[in-house]
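Consider the two complexes below, in which subunit A is the common component and subunit B and subunit C are the respective partners.
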Partner chain A sequence: MRPIFQFVDGDTSVHRLDPRTKILWLGIVTILAILIQRPDLLLALFFLTLVPLVISRVPMHQLRLILFFYTFIFIGTTISQGFFYQPLTGPPPDVLFWLIPPDTPLLGAFTGGVSFTLQGALYGFIQGFRILSMLNASVTLVMTTPVNRIMAGLRELRLPFTFMFMLTTAVRFVPTIIEEYRTIANALKVRGVAKNPLRLVQYSMSPLILNSVRRCSQLALAAESRAFGSLAERTYYTSVKFGTGDRVSWTCIGISSVLLVWLSLAG
Partner chain B sequence: MITLENLEFTYFGAEEPSLKNINLSVKEGEFVVLAGPSGCGKSTLCLCLNGIIPHLLKGRMEGRVLVNGRDTRDLTIPELSRDVGLVFQNPDNQIFALTVDEDIAFGPENLGLPRPAMEERVVKALSETRMEPFRKKFVYNLSGGQKQRTAIAGILAMNPGVLVFDEPTADLDPRGTSEVLETIRRLNRDEGRTVVIVEHKIRQVLPLCDRILWMEGGRIVSEHEPGDPLPPLLARGYTRGDGPADRRAAAGQTAIRIQDVSFSYQDGTEVLKGVDLTVGEGELLAIIGENGSGKSTLAMHLNGLLKPKRGNVVIWDKNTRDTKPGQMASLVGYLFQNPDHQIFSESVYNEVAIGLKHAGLSTKNRDRVVHEALKAVDLGGYADRDPNTLSRGERQRLAVATVLALNPRVIVFDEPTTGQDAAHILDIMRYIEDINRQGRTVVMITHDMDLAWSYADRIVVMAGGRVIHDAPVSDTSVSVPEIFRCPSKSQSISVNGVLEEVVQ
Partner chain C sequence: MTSETEINADPGAAENKKTSLNKPYFSTTDIIVISMFGALGIVIGILGNVLHGVSGLLFIGPFLLHTLLPGIVVFACAATVRKAGTATMYSLIVSLIAMPLMGVPLFIVMYVVQGLLIDGFTLAMKDRMWSRWGIIPAATVYGIAGILILYYVVLGASGLVFPEWVIIPSIPLNLVFAIPAALVGLQIGQRAITTLGG
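Our next item is the complex of A and B:
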């Protein structure tokens, strides 16, 4: 199975942005999505985060997957909040239907009744925009920036080299480990050993971990053979550059963020 | 360039030294092959050359290793990495960055080179390994041969005068192997780099080298030059107990019927395109082809792991469309290439018993079958051992026992001999022959053309998802593409059967 969100090559202005701009955009959107409480402002934030995604000209098949995923989140938040929303103050919400009526023997008394409310569903629907705004910014970063550039961006944001090396190696080995898991799972299936997914995972863990440990010791030798940990001050091959597009983006991000915070505080 | 004086090394905790009294001198520009059975000390010797021993792997080292006149004890590994570069067997375990050029730059980055100097080295290494077209590619999209060439380029970027290779082609298909060996040949002949290589594929490396050193039990026991009459020890060839033609007479009913099978993965890649194939009961069929030719995909159709998008796969009278892979286990056994992908339990006994338990066998019967299966693979006294304490060859035999215990009528072996030395290959092939003689149908996927042509009754060659050749080995009237021909029959250096005698 292919991942839903992966880098899509392109030459749009968003693709050309410094990865640091896109990483910080994700950070700012996350903070705003947590701070903002007004439904209209959450909606505004959602549409704002759609702008770079639209500019980056996401291919239609990816767009369809994103829409499907978003619909799933909307349905999830709407249903869950519809059932579990309990306002602390004010009148009780309007019940649309009861899943467990309060007079149900045993369960009714135990739960006090479980209802689906109109206000809960609306609240959940709005909350969906909170999650989707963050997702928009994440998708913009992931789909318009190759992983190596994201890493270079994080490095330039002064993350420690050891941490970055671990992160890069982890990302580098994700496809290898997925492939290895598939082989192990197939070996289990053909012996008729693992008949349910839980067993499959349980039995796969031991060979997967042992092989990873073996791989790590070989990686350590290979790294040492290439002067890893040398006393020389490390230099970097890849570089990231802050350009005009980044300056324009930062101006837009600054203005819209200040505006949203101000409106939010104004109530 | 490199001098080893009375070198002896014992790993920490080991009783016996892995290297014993090694004396060796490698001149500048020389191409030296290290050969010998698994565990004879070849890899340990490689690790001594770039200082991993004694700096990183601890143990007792006696004697000296001199690189350009300097003792490796007095130099750090980063310092030595400028003189001696070491390329390991598995390319996946020595690539750190996400793209080809970034990985090549990994070493120069560690040395703290300025960016223009780094760029110069990356460009040169890409050119030397003919990897320019893949410069910006993500490494997980490369073939095995391209990955190994990336690893070589990464070492070249350190600009060492000596290149040491520890079985660089063990995990590669024929094309990958020739790509890598051609790269090594060029680096030696055109660039004048000194090469020390551990390689089991003696025949392919023979035309490139100046001399071959044969190691056994931690010692260099003999030295040969390509011009010398080739000693029996180094002539890799195979022989089987009985001729394929005789055994083919045993083939009776149809065991496997593959009818017009097409298959494509979710991303739309069409891997099989209308494959038709029948395999008789008791036949030993070899499927050969390059990586991506569809041979493993076809094999995974035999036990229902993959279902055809079009067409049918029928094993005896069971259509794989109607059965789950687990239900096929008693009919088709499948041995994966790496035993470490198919061993899950904490004891040898449980490893074999687990499949029988799921097949619903009673405890009493299970006990009997487990012991029979372990005995059949010479692991009778190992029932209580932890499988992870066994050698690779023993683990491979344990994997065979787990399949044999289920008593399948067809067994599929996916690359059963990859990365094994000649003696172990012969051991494994003896097991496969025994299994076949018991009347079981065997399908073997292999990259080793010599092996396929020596052991199989029939050869199927796959390319681009189609069967492009399907004929008994005895049928010489059908032409086979050059790359899939039996190398030993087209070269004079092979001495079929001689190795068998040596092993015995």
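Our next item is the complex of A and C:
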């Protein structure tokens, strides 16, 4: 098991940006995606978030994966809102078909009838752009920045050292946990204990956690023997610093954000 | 990491109470235990979002993948360390890594609020929290908050609206997953304490 979107090595201007710039970009896009209500501005935000992704020259196999995810998000939002969207004002939406007619015994009375509406489907399709804008910003961060540089960026954002240590250790533990799970799952399969995937998860959870906890004592001892937390000032192997590209990016992010917020408020 | 009950049962453990392991702040072991649970939470968080994303409209998705499995891990983490702040730290680690990695940064809010609520219970109930009946109120609030934040904050901020008849039945359904998750988490936490002690 591994994350769907992974770091792809490259030497584009987006790859060279300070991770803080990309973290800021993700934060601002999330806020803008929540604030913006107008469909045309949501579309504008979506295309704006595509720009760094295009510049970073995403490989074809990752692009296919992104398109696969886009399709599912559009199908999900369109179908769910097609069924559930109810406008607060204005005329009732045009019903394309009924899933549960209002005269159905019990369920019809409980739900008031469930229909698939044209306006709901359109509304859901447009809302898909809101989710995809956030996804684009996340993918840009993840695909163009290795985890150690994301950590360095977070560290430079003045997050407490202990918290950074926890984040780094957690990321370091992920492959170990996956490996441990594989071993336990294989052992359970060999013993014929778990053919059902749900049972497999149920039986493997406890040994997985307990084996990992056992390892924690040794790691804690190792950390303390290296004087963990004794020095206020620390040096780091990975460092990040602001460059011209970051200054240009910050200016572009600032201008586009102000413009989108202003257009959104102008109605 | 040693509960009052255990300290009372073992006179030698009373001495340990003076050591860093029993101080209100996190010891090195606590920090590493939370990180390890964080790693497991990251794996489950990613898995949950992938499966839920691909399953699209699977009704069972939110309950199984966003409540049951993450619930077991968060309660196991809190029940192992047993200090206020554990669940919040765990939630921050998981959400800051796993959620942006999956393109769903809004889930950070859900994780952090749930962590804060569990820590609120840890502070309010102290050692009474670490019993079957003590953990159920925390699990109930965890489950209710999870559904409300999912529908009103995560999906609401994404522009997706759902009628009351979807949200209201989801609450008891989510509790069906949240309470067993907390009980299993507590059981794992109790075993983990023994493992760490050994």
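Note that in this section the second predicted complex is superposed on the first by the 262 of 267 C-alpha atoms of A that agree within 3 Å, B and C clash if a C-alpha of one lies under 4 Å from a C-alpha of the other, contacts with A are read in each partner's own complex, and residues count from 1 in each chain.
Quick note on the criterion: a contact is a pair of C-beta atoms (placed from the backbone, for glycine too) under 8 Å apart; a residue touches a chain by one contact, two chains touch by 3 or more.
These numbers were taken from a predicted model, which means no experiment stands behind them.
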item	value
First (subunit B), second (subunit C), both or neither touched by A:Pro92	neither
Which of subunit B and subunit C A:Leu219 touches, first, second, both or neither	both
Which superposed partner A:Thr176 touches (first subunit B, second subunit C, both, neither)	both
Partner chain in contact with A:Pro102 - subunit B first, subunit C second, else both or neither	neither
First, second, both or neither for A:Gly254, with subunit B first and subunit C second	neither
Subunit B versus subunit C as contact partner of A:Pro59, first or second or both or neither	neither
Partner chain(s) touched by A:Asn148 [first = subunit B, second = subunit C, both, neither]	first
Which superposed partner A:Ser206 touches (first subunit B, second subunit C, both, neither)	both
More subunit A residues in contact - subunit B or subunit C	C
Set of subunit A residues, in rising order, touched by both subunit B and subunit C	1, 165, 169, 171-172, 176, 206, 210, 214-215, 219-220, 223-224, 228-229
Contact footprint of subunit A on subunit C as seen in their complex	26-29, 31-43, 46-47, 50, 53-54, 56-57, 69, 72-73, 76, 80, 89, 92-94, 96-97, 100-106, 157-163, 165-166, 184, 187-188, 191-192, 195-196
Contact set on subunit A toward subunit B in their complex	1-2, 146-148, 151, 165, 168-169, 171-172, 175-176, 180, 183-184, 186-193, 195, 203-204, 206-207, 210-211, 214-215, 218-239
Subunit A-facing residues of subunit B, complex	47, 50, 52, 56, 76-78, 81-82, 85-86, 88, 90, 92-99, 101-102, 105-115, 118-119, 122, 138-140, 154-155, 158, 266-267, 300, 303, 305, 325-330, 332-334, 336, 338, 340-344, 354-355, 358-359, 388, 402-403, 406
Touch list for subunit A against partner subunit C, complex	1, 3-5, 26-27, 30, 33-34, 69, 72-73, 75-77, 79-81, 84-86, 110-112, 123-124, 126-127, 130-131, 134-136, 138-139, 141-142, 154, 162-163, 165-167, 169-174, 176-178, 181, 201, 205-206, 208-210, 212-217, 219-220, 223-224, 228-229
